[in-house]
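Both complexes below contain chain A, partnered by chain B and then by chain C.
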Partner chain A sequence: MASSLIIGQYVPEESVVHKLDPRTKIVMIFAFVIFVFFANNGWSYLWLTAFSIGAALSTKIKLRYIARGLKPVWFLIVFTFLLHLFVTREGDVLFDIIGFPIYTGALIQGVQISMRFFLLILVTSMLTLTTTPIEITDAIETLLHPLKKVKFPVHELALMMSISLRFIPTLMQETEKISKAQASRGVDFRTGPLKERIQAVVPLLVPLFVSAFKRAEELAMAMEARGYKGGEGRSKLRELEVRARDYLAVVVFILMIVGLFLLRDM
Partner chain B sequence: MQENQIVFKNVSFRYQEDQPWVLKNVSFSIQSDEWVAILGHNGSGKSTIAKLMNGLLFPDQGEIFVHGIEVTPETIWDVRAKVGMVFQNPDNQFVGTTVRDDVAFGLENRGVDRLVMIKRIKESLEAVSMEDYLLHEPHRLSGGQKQRVAIAGVLAIQPDLIILDEATAMLDPRGRKEIISTVNNLRVETRVNLVTITHDLNEIVDADRVIVMNEGEVWIETSPRELFAKETELRTIGLDVPFVAKVTNRLKDTVEFSEQPLRQKELIDTLWTFHSQT
Partner chain C sequence: MFTFTAKDLTFSAIFIVLMTIGANITFWLPFLAIPIGGVNVPLSLQPFFAILSGLLLGRRLGVLSMTGYLALGVIGVPVFSQLQAGPFVLFNYTGGFLLSFVLISFLSGFLKEKLPVTNLKSLTTITMTSTIVSYLIGVSYMYLAMNVWLNLNVSYAAAWISMIPFLIKDLVLALLLASIALRLLTQLPHLKNGRR
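After this line comes the complex of A and B, so read on.
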């Protein structure tokens, strides 16, 4: 299941969406998340769905891949739908299912809520699908930059994120190595009662933590030796650049929002 | 223009009050554009010396000067601006998410302009033959490749003093030769100091001078040639001379050496010329 879940995975492609400035993407997706709640009738939901699918198509990532990746989420969406269907009691009774009355209001609300859920998941997953984690980090750093005035440690946060990104694969490799080493000594993580399996994780975690702390200490020293003394007076190699396509994307997005509000009143 | 650029004056150091001294009354000096190798067994205090040179640690007794600046908590940033250091473990000094970002790290810290940065990153990665790996993540690199990147990171900041703390330990013999000669050429061209730290006597052959550490004390300060003759003494402090030196020292009774050969070629030349004389 873990491997089929695509939320948080980056899929490299040569598409406009990939090339957009990560800040543009973050801001637009954030706005989308808010505007989803403004949809109030069938047409407006259809409009938003069309836009999201259009956006998904323009990433050049296969829709089938995205749909398959959202499989675990489908279950949640269906579950939310059914929950609302049976629990809400508004409007007229439409029909009965084995003694349960189904109301029109329930049907409408069920569809609405699960549509929203679907749209939110689809659009937010597009951020990570088309943007590398480091780009997201850079974008967050610049977007949060104004918070520096209130002493929010923006640079430190971004550095922390990028160092975590750098060390996650290393620590994964290490976990693998330790678990193999322990398995060769007879520790069994995979079979047996749950209690024993949990106990078997201890000899995995202890060396992992010890080595992570050692790494952290050495890394801190290496960073100091390389002249790191905080965000003051630092220059940056990776530069974010707003280009024509970003303005174009924003215009398209605004037109979509205008359309949404027109459809709302229909 | 021979100046004492790095000076250790009666330096003593221990990591904690209740622990034994790691360095005991260490004194030495290194001249400008000199290549000095620091040699010693495991735990003899070599890495500690390197960290003291860079203001990562401070001496409990004695003084340290780097290019005229005394290393104190107030001057560390001036000192670190001049010193480029590569540590033993290449994995734990790789800060960036890609090769390019890692080489950039030291430059970013110094506030180097972006365009200059791009140029220097390219040049220094070329110097260590890693230009094809620009966008690789560290977990897709071998240990030796990470060491090359770390060295590129040091070259990029154009330091006055380069310290390599067993930084070539993970390279194969050919790679090591390549990297060391790259760094050495740079030293000759730009007159930087080079300090290499090792416990392998094969790696000191080209150095100007060797400082041998034993149990936290300077055991001897000498040239590689003279050191190679001290095979039996070196063995008492846990160091082994290379094959060439071993052969030479066995043959000394029968063959006349004008000077201790360092390289295989020198030994062979001495041997065949000696043979032809008799």
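After this line comes the complex of A and C, so read on.
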């Protein structure tokens, strides 16, 4: 189970994608998420797939590793495909499966929507594969900076996210430890009516809350001891910097989008 | 202006972590998957933690921490149920339930100021209203998502009918969770007076 719970599956490699500024990556990935919805025929999907696989290859991460990361979502992709296959009724009847007529329109739509899903998942997973969580939260802080004007606590939000990243693995281990400890003390997690099973959550939650809040308390104290007093005037060890390769990546990306719109009309 | 203490930030961060654990609680407690119509539906403690975040942190910090949770998932950290992540999770037909956590947190933080949270009755009111509000948002969003961008034409009534078994499950759960929340709040008394 532990291996399926790898959080922020960052893979360190020496690739162009890794070296890009995290802000560039976030902006491009979000643009991609929007433009995927503009693909409308086989060619445009093929074009986007080629681009995404090209991008995946350029990270120098083994494709097998990336595919393993996508494991939990294969089910979702297949499910979406089947849902469309049976629900949509457009075009001609292609063939019957145990009394269910399959339409050509359904097949096309099913393939398109599951392709869309696949592309979205592949490209968005690229961000966490090539960027450390700290870089991501730093990038968010600078990208959302304009929101400060409307008094939105951008710095606080970003810091909160970094802190939680640090504690997700710790508290997950803690949960596992507590559930084993309580089971060994005879808390019955397995049998009985639903009501009792849900009540059995209490011996898990109470120690979890105590330990979680203790950690929060200690961290807050450590922050205060080191003189934390909000985002104003706080300097950074690693400043984010936009370089030539970022501009190049954006140009390549824009060319890809132009290509997409040309293929749309084919 | 509202200033954040270090404690505010660390406690809100802890709630982001708790949401992650609550979303995947069946990893550790597989018995919490309950059968509905032959399919095992994994229970999620997310709404419960969202409500608690409002109760313990207050509406402001609660909303901020839930926003942080969603933001973390959107940028690709697998914090959602079944360790999903990415912007598409919000655009999927269940995305409305995720968005509703922000409102639930606000709502319970708001109700906490009006009702005494040390008795079962008001806690039940809070969990029940939150569940209903969450479904109102979730199902409307589901209808919107299916018709507008997932190209599935489903009527609003059909969307509700398909979700009714889950609604019943969650209302029963809300009753039980109210009593659990009461036990948590009384067993951990120093939590009761959240900062705001």
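What we mean here is this: the second predicted complex is superposed on the first by the 219 of 266 C-alpha atoms of A that agree within 3 Å, B and C clash if a C-alpha of one lies under 4 Å from a C-alpha of the other, contacts with A are read in each partner's own complex, and residues count from 1 in each chain.
Here, a contact is a pair of C-beta atoms (placed from the backbone, for glycine too) under 8 Å apart; a residue touches a chain by one contact, two chains touch by 3 or more.
Every value quoted in this text rests on a predicted model; they were computed, and no experiment measured them.
Engineer: A:Leu204 in the overlay: touching chain B, chain C, both, or neither? Say first, second, both or neither.
Structural biologist: A:Leu204: touches chain C, not chain B.
Engineer: In the superposed arrangement, does A:Ser58 touch chain B (first), chain C (second), both or neither?
Structural biologist: neither
Engineer: Is A:Ser15 contacted by the first partner chain B, the second partner chain C, both or neither?
Structural biologist: Neither: A:Ser15 stays clear of chain B and chain C.
Engineer: Check the residue A:Leu237 against both partner chains and state whether it touches chain B (first), chain C (second), both, or neither.
Structural biologist: Touch partner of A:Leu237: chain B, not chain C.
Engineer: Once the structures are superposed on A, label A:Glu224 by its partner contacts, choosing first (chain B), second (chain C), both or neither.
Structural biologist: both
Engineer: Check the residue A:Leu165 against both partner chains and state whether it touches chain B (first), chain C (second), both, or neither.
Structural biologist: A:Leu165 contacts both chain B and chain C.
Engineer: Return the chain, chain B or chain C, that is in touch with more residues of chain A.
Structural biologist: So, of the two partners, C touches more residues of chain A.
Engineer: So, does A:Arg215 touch the first partner chain B, the second partner chain C, both, or neither?
Structural biologist: both
Engineer: Considering only the touch criterion stated at the top, classify A:Asn41 as touching first (chain B), second (chain C), both, or neither.
Structural biologist: neither
Engineer: Does chain B (first) or chain C (second) touch A:Gln173, or do both, or does neither?
Structural biologist: first
Engineer: Where on chain A do the contacts from chain B and from chain C line up?
Structural biologist: Residues common to the chain A contacts of chain C and of chain B are 133, 163, 165, 215, 219, 221, 223-224, 228, listed in rising order.
Engineer: Sort out for me which residues of chain C touch chain A in the complex.
Structural biologist: Touching chain A from chain C are residues 1-14, 16-18, 20-21, 25, 27-29, 31-32, 34, 43, 45, 64-65, 67-69, 71-72, 75-79, 82-88, 149-152, 173, 176-177, 180, 183-184, 187-188, 191.
Engineer: For chain A, which residues count as touching chain B in their complex?
Structural biologist: Residues in contact with chain B: 133-134, 162-163, 165-166, 169-170, 173, 214-215, 218-219, 221-229, 233-239.
Engineer: Taking the complex as given, what residues does chain B use to touch chain A?
Structural biologist: Residue positions touching the partner: 51, 54, 56, 77, 80-81, 83, 85, 87, 89, 91-98, 100-101, 104-114, 117-118, 121, 137-139, 153, 157.
Engineer: Mind listing the chain A positions that touch chain C in their complex?
Structural biologist: Where chain A meets chain C, its residues are 1, 4-5, 7-8, 26, 30, 33, 37, 72-73, 76, 83-84, 87-88, 109, 113, 117, 120-121, 124-125, 127-128, 133, 136, 140, 151, 153, 156-157, 159-161, 163-165, 167-168, 171-172, 175-176, 179, 189-190, 194-195, 197-202, 204-206, 208-210, 212-213, 215-217, 219-221, 223-224, 228, 230.
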